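Labels run A, B, C, D, E and F following the written order; every chain starts at residue 1.
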Amino acid sequence: MTVFTGSDLTCRRGERMVFARLAFTAGPGDAIMLRGRNGAGKSSLLRVMAGLLAPLHGQIFWQGEDIADDMAAHRARLQYLGHQDAVKPVLTVWDNLRLWAELRGIRDVDSEIDRALDALGILHLANTTGRFLSSGQKRRTALARILIGPAQLWLLDEPTVGLDRESSAGLAGLIEKFRGDGGTVIYSTHIDLDITGPKLLDLDEFAIPMMEWLAGAPDDVVPEEGPQAIETPDKEGVSA
Amino acid sequence: MSDYFMMEGYGLYIWSSYAITAVAMVFLLVTSLRGLGQSRIELDQLETLLKSRRPRRSKSRDARP
Amino acid sequence: MNAFMAILRRDMRLALRQGADSVMVVAFFIVTTTLFPFGVGPEANILARIASGVIWVSALLAAMLSLERVFQTDYEDGTLELLTLSPVPLELVVLGKVATHWLTTGLPLIVAAPLMAVMLNMSTDGFGVLIVAMLIGTPTLSLIGAIGAALILGARRGGVLVSLLVLPLYIPVLIFGAGAVEAALLGMPVQAHLQIMGAILLLSLALAPFAAAHAVRQAVE
Amino acid sequence: MHRFAKPSVFLKLADTLMPWMIAITVITGGTGLYLGLFWSPADYQQGDTVRIMYIHVPTAWMGLFCYVGMAICGAMSLIWKHPLADIAARATAPVGAMFTALCLITGSLWGEPMWGTWWVWDARLTSMLILLFLYLGYMALVNAFDDPERGSKAGSALALVGVVNVPIVKFSVDWWNTLHQPASVARMDGPSIDPSMLWPLMLMAVAFTGYYFIILAIRVRSELNERRIRALQLSGLFEQGDGTTSGSALYDQGHNAGAGK
Amino acid sequence: MNAFMAILRRDMRLALRQGADSVMVVAFFIVTTTLFPFGVGPEANILARIASGVIWVSALLAAMLSLERVFQTDYEDGTLELLTLSPVPLELVVLGKVATHWLTTGLPLIVAAPLMAVMLNMSTDGFGVLIVAMLIGTPTLSLIGAIGAALILGARRGGVLVSLLVLPLYIPVLIFGAGAVEAALLGMPVQAHLQIMGAILLLSLALAPFAAAHAVRQAVE
Amino acid sequence: MTVFTGSDLTCRRGERMVFARLAFTAGPGDAIMLRGRNGAGKSSLLRVMAGLLAPLHGQIFWQGEDIADDMAAHRARLQYLGHQDAVKPVLTVWDNLRLWAELRGIRDVDSEIDRALDALGILHLANTTGRFLSSGQKRRTALARILIGPAQLWLLDEPTVGLDRESSAGLAGLIEKFRGDGGTVIYSTHIDLDITGPKLLDLDEFAIPMMEWLAGAPDDVVPEEGPQAIETPDKEGVSA
């Protein structure tokens, strides 16, 4: 069964084509690991999946429905972790998380936050101000955020940055648990995370030889239809 | 004739408003045209470079796994 | 509504923790207003004549100066994109931020304004109208300002830029705000002025959240 | 709509229309100038200074027209998300700003002999000044981003918001207690304007409009060129001067990923 | 001296590349000045009376607004600590930055000031003195401002803070600058005013580089 | 022979004691590698060595002279590379380096910069604007800076960040060359850099157990003599 699919995705940032003709499929319990050089477009793809960035071309579906048609529903089902931690230096860890709990309409805010902090092993830091956190503790606070409220899809951009070995293993456990509950996880990382059988999606394969794109579409500076002139064969990506 | 240009003593106001308008419009036209010309020249250079590079590049791309 | 309160609560807590935010805005307002007696000279009648204008202009500048950070810090530390991704409408979030800006900027200015009016020898006849006009006018400043603050996200030199974008849009508020006080001082009816200000407030209340949310969405792309 | 506004289609259209626009602009401009400067009579009250009107009024109209045009482009960019609308708005701004500034300058040059002062804080004059500020703010915003596309998008949103201000400022004439325009202007406002003055006025207005479209075509075209140049440069293909590339440099090249981060 | 020129050259290049830096300052100056007729009303004689004060206050605010980035960007991207570590005296570096600030802020303001004077109906008698006073006064603003800009490095919310630190120090310049123009308009001698302004300039020229350099050294710790 | 030594160094940042009783010695041709957890104080130590930060306690000597006595001389002999690249986005690579060449009073600016750029393999980027550089290219621009002008001491804070494998090797070569010419290099890194026989200095060993420090000196929050109450034995650090 597949619930989350994307087809023919092309992404342009600034004047730069990042990837083209990318496709993916994922079902409940699946994990996709994004790989690629710096600048290959891992973050861009995750942002496209989250709906932060509109792809130049192609669509993304959740259970057969284009996510662009009902962004609110898509947002309600996903949790996104970006490069940045979004931890306010003047608020305590607890206060930092409270906003996100309230925005998701959690009823029992207190116990939900405590549960999340406990899962990440930073319950003892609940009343510590953000400014005094080490980078790893900050990252864990950000990770605690994705545990708050129900979700079906996790989009994690290099979640292990700044984590020590132990916390990395803990994170892998959380991901496995989420998958066990039927969640879908898509994550990018440079180091290996101990996840059982993730699908691999290598962004480097979808890189566009700029050269040919530029040569192929001399007039189409603002291409409407995507770079039709590319000769790269249609990649299939991962499939369930 | 010079009476005409004097415009009853208001010549300075009238002619300077016409002159300023003309200068501004010509200036904008010239800078726009020059910008277009420059972008064209630069684009042509890059475009020819692109054509000349193309075969060599795709070869080296094939060489990589 | 719940989301609005959540944002408001968090932003107010941030503003208060970050220390004396509104104190600084008020201080800027007072210092700027105080510059005028130095610049224009101490004649009481001249000062009284220009008092309402000076107070309004200083209030505009003070409100504008604190605009830059309505969204900026949230933008820089990644909070803004998470807010965009949260299930609540972004317009509500924007409205929460506008409310915080008004509570930390507009409201303190209203408290400080009569003080400055006394210093500038304004007749007490105008005080009531000054306060009412500022009560209607300053929320408009926050609303319009939010659009500017959202537009400059990611731009070089946001500070000066926001003033260029926002000050021309503030001018109607300035005209009718100062006009109302002027009219009150001359004993003329002020109803019309205040009604127009109210209309501007309603208009910006209807438009600004959408425009600012649109700009924020563009910025986090 | 999308298909029609494709850059290539636009450029082709502009190419075919260009000679006509130039012809119209030159002919109407020439006749307008001739009629205005030689044929039309001096006003019985304002004397020859009335000849300033033949540029003052069309520049004023163009200043307003260009802003409305910009706002329409902003709306199109918002609704259809078409990049060409952003580019057109971006190309319109300098023309509109120039015409607005020219209106202010010629107005001042007319005001000095007529009213005895270069400037009064009259509603109509100040509304024009604010319009100039709106243009300047737009141009500053558009150029303040490293990514020009983002700048154009932000600018379009601003143009759309700013247009709300135009009628507000214009109507403020009724409420703002001000020295009103001297009678000399009010007299001209009526429909009683003489055809000998109306003709050159209209011809000049047509010529200025043609000029605007010519500049628009030129600037949109060079903006499209610039975008392609940036894309080419960002590709990293042309960074090394000669053929001698070190290994790492070769790795950087030709890939979309080279320069970012 | 070589180092001074190197800094000046680089900073000027930065300012010019970064696009229309001084244009924006001038725009802010013009917009702020324009606000006053809206607030105060259009009567020519009132405007003429307050013209010199308004121009000076606006110039102060414009100079102040651009202060924040004298050191800020260099601080944020690590350039400032490298400058501190370079073998040339930091005082010279500071002086180079002050000179750039003046060239991109003070000088354009001086050019724009007469225009605003015309628009505010100031009598042409005052123009010459206005320009001379600004020529002496604006470098002082840049010098004093540099101290404030260095002091707030690393502080949150630099913008408002710098205004609070710097504006009170600007008041002497404001008093004598506006006073000189006023005196010229009344046909009184202006010598004394200008001499005092010169003295303030020399004093700040002697003190500001050391104070600012000291503050910078503390900031990069 | 030792030229650069430090003894009994204690460093406090904010309210936090970072390290205490640290000593090091280095001679011409020596390389010291700093190691330690995030937040162990590597950057702090390098800043202390550069004279950017005054140690709470202890001194640093260059050829027997306290560097605090003649900072100008110390600055003239050292090149420092921090976490930040200090590359201006609007200036070209060449213009970025020019300031530093001019400030060091280099006579032949052009050839010196070209030489440095060539050594880092980014001569072809000389006219590229900073904004369009990748993070690795930015880092290499920053590294080119330390090659400009003569120096006796390099202080490099994680110089390999953002560098690909090849450039790392190139950097190692440059360091070896500098050492061969009698220079001293002190660097911090999380990954291994191919340097022959660096001395190791593990900052974790000098960490102060905050608890004990606070417990030991209850009213001595700003200790004048360093944390006397700590029972950790006096470490010797590395010695030549």
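General remarks:
Following the convention adopted for this analysis, a contact is a pair of C-beta atoms (placed from the backbone, for glycine too) under 8 Å apart; a residue touches a chain by one contact, two chains touch by 3 or more.
A quick note: this is a predicted structure, and the numbers were derived from the prediction, not measured.
With steps allowed only between chains in touch, the distance from chain C over to chain F comes to 2. No other pair of chains shares as many C-beta contacts as C-E. Taking the mean Cα position of each chain as its centre, F sits at the greatest distance from chain C.
In this assembly, the chain whose C-alpha centre lies farthest from chain E is A. Averaged C-alpha coordinates give centres for chain A and chain E that are 47 Å from one another. Taking each chain's centre as the average of its CA atoms, chain D and chain F sit 54 Å apart.
Between the CA-based centres of chain B and chain D the separation comes to 16 Å, rounded to the whole angstrom.
Under the contact definition stated at the top, the residues of chain F that touch 2 or more other chains are 134-135. Annotation for chain E: residues touching 2 or more other chains are 18-19, 24, 27, 31, 38, 41. Within chain B, residues 47, 50, 53, 57, 61 each touch two or more of the remaining chains. Against chain E, in their complex, chain C makes its touches with residues 18, 21, 24-25, 27-28, 31-32, 35-36, 38-41, 46, 49-50, 52-54, 56-57, 60-61, 65-66, 68-69, 156-157, 159-161, 163-164, 167-168, 171, 174-175, 178, 182.
For chain E in complex with chain D, the touching residues are 19-20, 23-24, 27, 31, 34, 37-38, 41-44, 47, 118-119, 121.
Interface of chain E with chain F (complex): residues 2-3, 5-7, 9-10, 13-14, 17-18, 77-79, 81-89, 220-221. Interface of chain B with chain D (complex): residues 7-8, 10-11, 13-14, 16-18, 20-21, 24-25, 28-29, 32-33, 35-36, 39-40, 42-43, 46-47, 49-50, 53, 57, 60-61.
Contact residues of chain F toward chain E in the complex are 47, 50-54, 72, 75-76, 78, 80, 82-88, 90-91, 95, 98-100, 102-105, 145.
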